[in-house]
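Chain naming follows the written order as A, B, C and D, and within any one chain the residues start at number 1.
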């Protein structure tokens, strides 16, 4: 009973909080904190249960699939839920000074809208992690897109509105492709539940050949999700959108939003349609990932604004995630190294979330201190805001994949799989990408460390500085204490060797 | 943990000067540091006089120190200690009030310890350490005066000394590796059969040759001797060069070509140096050439002994023993003559002539005895050369006496021209020792009859070359000495020529600097360039991806691609 | 207890580092107490372990990360050699740094990263597996950067950039090598050599080359040495750290681990890898010396000298004969003692008299006698003159070269000695024999005080002579190196 | 035999094609939104057609439920889009994205990259 409640709470608490924040203006920050507390409680209840009982599921109102809505919590979902909760807590705490209504002054639109949108986004994310139904996932993705687009445009300036609109156009195209794919899939198989689809063995000999509709459907869904994940070459919307939003919003957008669609991709290809994943497809996805790594990194090197660097870094980091397909997908899923690659990709997603959020929050701190985020204004920031500089550096360590950090664990696992499976090319991409990210993250860091010509910075509260540091430390800790998350992720992992690499 | 075993005296003899050296650096003692110097060689002198049997071991020091006073080594050890003692006394008088007495004293002690160490060492590491100590610390004695000439001499000295050290180190490691041990006797034996034994032997001869003034490695001697303070010149010429001699005695493999080579080069050095010495004018520089010449003879004797079974180093040691005392006396007398006037000066010059005769091997002198003993072990040709060398030596030392008597005095007007006894006594003492000691030790060291030096044949064979030399002196004097045109600071045209030939090498570092950009730098530069180009291109592409048409087309292509490649 | 000790050893500097970060600039006493206390505590632990390890105890701690990814801390004789060196020099460098930096800005940051560096070095020394080694190796890279750029001026930033430009690609290569190796043979523990024969010869050779390239950047092997001379822009204590305590040493130590513990001397010989490595080391030795000769800045000259000297360690290992290995191992300590002395003194000259160039050294001996004496001792040690530590190394390497049948190495050693003499002895000559130039005017006679500045230099200078004089003693670096070699590699 | 479901499906496909063309070729933001809705309608039509294809011949209720949900979602997205377009037009005076501006008025437009955030 309590477990069901907790499971529902993961979705309901942020949703209700969002509604409450709409109804009760000027108390958004407080309500958001209550939401954080609620989710935290739910997670605390769920973790031991998951460890004890394995996968938890709940059919809401007793309606089973395909008609009812089923929430299903596995280790993978829990890992993402926890990461999102951590990042959201940090973001909401550090958004307070910027978006909390001040006494005596009227509430601006962005101050009013931020809290419900953030909470809505959270709710949508949680649904995406818990749901096993492709249509429910569509709804979650749409909700996510709407909230994210609104957050991008929340400042209401021409640049951010354009970025939001562009984002929306890309995302809508993706949604439609996804929906069309879902419709075709339903037409062919009469169900949209991932587990039931998997049971039909689409693409294997059992289902008696492969229908063209299935192929088109898979293509449509994958393409739709790729656009939403900002996989190269559909990434062009991401940098302006993520860099145009206010820093806390950017943190959410960059760290969390692409993860939802990526997770669905993972579930689709690894759980629902594993037999449809031909080697060429996996290579295609891997190649696009590799291109994203290289392209995003090189473009990040080119930028002269901090938030654009960080945003392009997201493009590159998302590329890493797609290397999981050639490394662990298809036939190789049963191989011993697949577990390493698969877990590595999940670690990459988790640590990227933490580190990227930390980075955007750092950028927020510096924007407060300097007034803008152009690199040439960054001189002397390390002396003025040492904690933030340290946080940025730690986050960079994780993004570059240096030990000891979650990024390193991820990279190590994937690299080992690459070598063990003889797919050295992907290993090279990982290594070169790491070096490139070191190069583009070095620039702001070195500038921050340089002596300031005119060291006049606006003061930034210690709390605002502490939050990104904690997030970055969490990314590091993910690497230091990776044993627990590692085993947690394996819970409910389908049909493959869990023992890891020897 | 055992720190030392066996007789302690050898260890004490080495450590004692070091302790005094440290003592000299204490602030309270610094101004009077010179007074400590005579004390430094006393334990070694005691050791040489009493003799100590057995091996001294200090297993924790260096790579395990082994000391013993072997037979020829003990003779040289005693000479060395006595010479250092006399020079130290002399320094009290001749160097009173000199600059930086503490530094001088400190390095004096260090040099002394090294000089004694080379005679006592039984393992190659201790030997090398001692050799380096005597070799390199002597630098500070050379440059003590701080004049440009002294500094220049010091530079040449240091450069050659370092090269010598490197040669020796290379030879020693080859030897130690071949012998699989550090004992000098083992190494000498092992070099005979080791694959690199020949290379090692050449390196040994070069390394020791530099120290012993073997031509053409002698360049430092004529520069360093005039530049150093007189007591330092005395020990340099009398004792320190013997470090090279003892090295050759102990290391050069027996019964090989090496002995013959040493014999030939040694004899050559003896004559060339004697004649070259005629071309310089400073008394101490002339003495330096004399030393080179005499060392050439000693090396020839060592070579002769090495050529055979090497058991009979006695003639070489005996000759070196006498030369050390006599040459020390000559150097010290340079200061004596300079410091005295009137009859004192004349008396001093007489003493100089006596010692010079001894060095030339005049009959009945100590040098004559040494030469007689030396001749006994040589083949007829070498014996003849040795005999003739007495004539050239006589000529060279005659030139020395001439220059010395012509040199201006430094004595103060008052005092009746009598120099301080601190200068007189050590000089006279050394001179007497040089003349007399060989008589005393004759029976112990020589295989010849005790009365051999007194026989007419012996006297005659010693006398005629000296007379011949004197005749030459007469001829030269009559022609107002048509020699002495060589600048002391530039001992050999060969050196100048060599320097000119090597001068392009000076440009090598500069050339290297120009080619600084190594592969890594190039790679970095190329990467930079490439990445800039890449950034431009990708930037242009990015603009395309933003457009709805292009990305829409890409989108559709992607859908179809996924569908197409999913076909199992 | 035995499992806790390695962790404790690591924590002494890690805790000091973490705590130091949070101290305000003004709390000098607490900061000094923390850092010095940590260093003393670490030395005490090491002294205890030294005795235990002689008796055959091995300390081991295992920290699991993920399957196939775990930290193994293991204290054996070789790790103690390195860790005792770095701990001893850490203490001295801390004392020196406290005096050197005085009340300059950003002290907490400096000492925090300084301790972190030492923690990383300790970790490198104690690492029992390749991946543990890599983790600490990277930690070292990262924690060194803030120290290199500590002055925050353009030159320092450029130096830091150059440092990372070399270090990060190198560590990428290292990671590739590790992963390549481990993906076939499983996790490699130093104490239990894996059977590398599961890989073919060509792969093994490539992996070895990757290892050497990865470690070579830290060990400043030519042509990967470019960062080291640039890094002299950092304050003197950092240079001491880079050159003697941590960074360069970590690279050389890594080469040791790879050659001795991962590949093993036999496999090296079978694959024909020893000769190329020895050649590389020789080229580095000569190139470093030749480049040092051209430098007019003291610290740059010292930096190139390090390039040359550290390769002695690699050379010794590559030659693989008993004496050479022992010489290489001992030189790890010897070079540290001598080079840190030189950098201490160069720092004093710079800080107290504003002397940075060679020609400004004229006559400084009379004014700064202690620093000059120490500098001279360090210099003659570097040349390899007896009875200093450098001499012992040269003897051992030379004998080892003949044993290994590579007598050409003797020529390399000889040439290097001559070059060393050519670029060090003129400095000594200037210090003692030339008249003071305009750089030091009579009015502001430079002082070598406070004691914290000069005492560490004196201690290391005399230590460098003492370890040469007492080389045959059991606990001398040479004695310890002999113990390691006999126990582990030359059975 | 052409059933009603087939006709529905073909119509849906036609709508999707039409909308897709508009979505890709049009740069005016409102037109794109409209194209989005056309595609959406096409998909819903197609989806509805699948309801008839159950083996038993009875109408499958699931697609209908999904279509209704989808329409609501599309409506919400459209509403947000229209709001954003309005706000954008009000501020910038243009109804197309900066990178597409030259396809309408031919002039170069500063890339959005360089816009300061504040």
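The working rule: contacts are C-beta pairs under 8 Å (C-beta built on N, C-alpha and C of every residue); 3 or more make two chains touch, one makes a residue touch a chain.
None of these values were measured; they are calculated from a predicted model.
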Open item on the list: Quick check on the contact graph: shortest path length from chain A to chain D, in steps?
Closed with: 1
Open item on the list: Quick check for you: compute each chain's CA centroid and the global CA centroid, then name the chain with the smallest gap between them.
Closed with: C
TODO: Measure off the straight-line distance from the CA centroid of chain A to the CA centroid of chain C, and report it in whole Å.
DONE: 43
Task: Between chain C and chain D, centroid-to-centroid distance (C-alpha), Å - done: 65
Task: Whole-Å separation of chain centres (CA-atom averages), chain A against chain B - done: 78
Task: chain B and chain D: spacing of chain centres that average the CA atoms, whole Å - done: 98
Open item on the list: Quick check on chain A: which residues sit in contact with 2+ other chains?
Closed with: 166, 169, 173
Open item on the list: Going by the contact rule already set, what residues in chain B reach two or more other chains?
Closed with: 546, 548, 552
Open item on the list: Multi-chain contacts only, two chains or more: what residues does chain D have there?
Closed with: 23, 32, 97
Open item on the list: Under the stated touch criterion, can you name all the chain pairs that qualify?
Closed with: A-B, A-C, A-D, B-C, B-D
Open item on the list: Show me the residue ranges of chain D that touch chain B in the complex, using the header's touch definition.
Closed with: 20, 23-27, 32, 97, 99-100, 111
Open item on the list: List the residues on chain A that touch chain D in their complex, please.
Closed with: 66-67, 135, 138-139, 142-143, 145-146, 149-150, 153, 156-166, 168-169, 172-173, 175-176, 179-180, 183, 186-187, 190, 239-240, 243-244, 303, 305, 307-308, 367, 371-374
TODO: Name, in rising order, each residue of chain C that touches chain A in their complex.
DONE: 21, 64-69, 105-106, 109, 131, 134-135, 138-139, 141-142, 146, 149, 152-154, 157, 160-161, 164, 168-169, 171-172, 175-176, 179-180, 182-184, 186
Task: Interface residues, chain B side, partner chain D - complex - done: 543, 546-549, 552-553, 556
TODO: Spell out the residues on chain B that touch chain A in their complex, using ranges where they run on.
DONE: 531, 534-535, 538-539, 541-542, 545-546, 548, 551-552, 554-555, 558-568
